[in-house]
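The first chain written gets the first letter, and so on, giving A, B, C, D, E and F; residue counts start at 1 in each chain.
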Amino acid sequence: MIKIPILQITLFERPLEKKRKLVEMVTEAVVNALDCPKDAVRIIINDMSKENYAIAGTLYIDR
Amino acid sequence: MIKIPILQITLFERPLEKKRKLVEMVTEAVVNALDCPKDAVRIIINDMSKENYAIAGTLYIDR
Amino acid sequence: MIKIPILQITLFERPLEKKRKLVEMVTEAVVNALDCPKDAVRIIINDMSKENYAIAGTLYIDR
Amino acid sequence: MIKIPILQITLFERPLEKKRKLVEMVTEAVVNALDCPKDAVRIIINDMSKENYAIAGTLYIDR
Amino acid sequence: MIKIPILQITLFERPLEKKRKLVEMVTEAVVNALDCPKDAVRIIINDMSKENYAIAGTLYIDR
Amino acid sequence: MIKIPILQITLFERPLEKKRKLVEMVTEAVVNALDCPKDAVRIIINDMSKENYAIAGTLYIDR
């Protein structure tokens, strides 16, 4: 069986409850879009601090 | 506005129509789970060939 | 010596001449900002096709 | 407008002031090299601890 | 000389001693498989918390 | 069971036979170092062209 797709989601830190909902809903969307088994979907969450993201040359923490 | 989250989705090559559906449905799921504006969601798709993925030490192409 | 930082740059495909200029100028910026030796900077370029990037749920190719 | 390029910079932890300078200077370099709008450039910084990087089979912390 | 390959290993947090062994053994395997100089191999370890990984729509922490 | 670790290996394009050997040997090394089941190890190979990698501000193709 295909142990794939693998998703990596980079976002600012969120409470556990939000992450729980996120992986549940995104997994369901992937399953429906690709017709793949639910068990095949893996998600890695990257918590990012606000001093580690920049737009237009400015850290998010400074905007 | 938060130009985030950023998703990276690694999957075996799929036809354009599938990708179209995938980004549409996944974006909607992210928006609903995180309560973020739709415009904030960016998705990068990584097409992977079957000779570039291995499980348990065996390339997918050889399984 | 520190064989780091490592940069990964994801962008739509560009001609070789642009990439040449990009890695030269970005490396110089990193060296000046971090006070690190030029030889320590590594850059990986990820060419992305326009059907592999989505904003707000729409592939770039469809915008 | 093109919400791209996206840069990911992996480096050992640095003080906030260094990161501020880094994203400012790298963004400017990207804008000049690629002729893209400043607002299009996004940078994600990955802080790496010295026990999470190895060269030649040896963790940086042990060198 | 080729300052490559670069490996990124995502795993649940492990004690330092395990990481030490991991980078040593993986580097040796890469050197033997690719016939490349040991000094060329770089490894980045991504520690992942159990609330940041999901299979089948469920966070690892909830399984 | 832990569907992890996930390895991403970035290297210049190699023939299939080399990749086969690489994933076999690296997987074995990971299993021995971490005491994890062989089936838990996933490897993604990123083929990189020589115009997409730079050291010290120079593309590999130009060195």
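As a working rule, a residue touches a chain if its C-beta (ideal position, glycine included) is under 8 Å from a C-beta of that chain, and two chains touch if they have at least 3 such contacts.
Note that the structure is a prediction, hence the values are computed from the model and not measured.
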For chain F, the least number of touch steps when starting out from chain B: 1
Other chains in touch with both chain A and chain C: B, D, E, F
Fitted rotation between chain D and its twin chain E in degrees, CA, nearest 5: 120
Copies chain C and chain D touch via same or different residues, half shared test: same
Between chain F and chain C, distance of the C-alpha-averaged centres to the nearest whole Å: 20
Centroid distance [mean C-alpha coordinates] between chain D and chain B, Å: 23
Geometric centre distance via CA averages, chain F-chain E, whole Å: 10
Multi-partner residues of chain B (each touching 2 or more other chains): 3, 6, 10, 24, 26, 28, 42, 44, 48, 53, 55
Chain contact graph, described as a line, ring, star, complete graph or other shape: other
Listing of all chain pairs that touch each other, if any do: A-B, A-D, A-E, A-F, B-C, B-D, B-F, C-D, C-E, C-F, D-E, E-F
Complex contacts: residues of chain D adjacent to chain E: 10, 48, 51-59, 61-62
Chain A-touching residues of chain F, taken from the complex the two chains share: 3, 6, 42, 44
Residues of chain F defined as touching chain E within the complex: 2-12, 14, 18, 21-22, 24-26, 28-30, 32-34, 48, 53, 55, 60
Residue ranges of chain D in contact with chain A within the complex: 16, 19-20, 23-24, 26-28, 38-39, 41-47
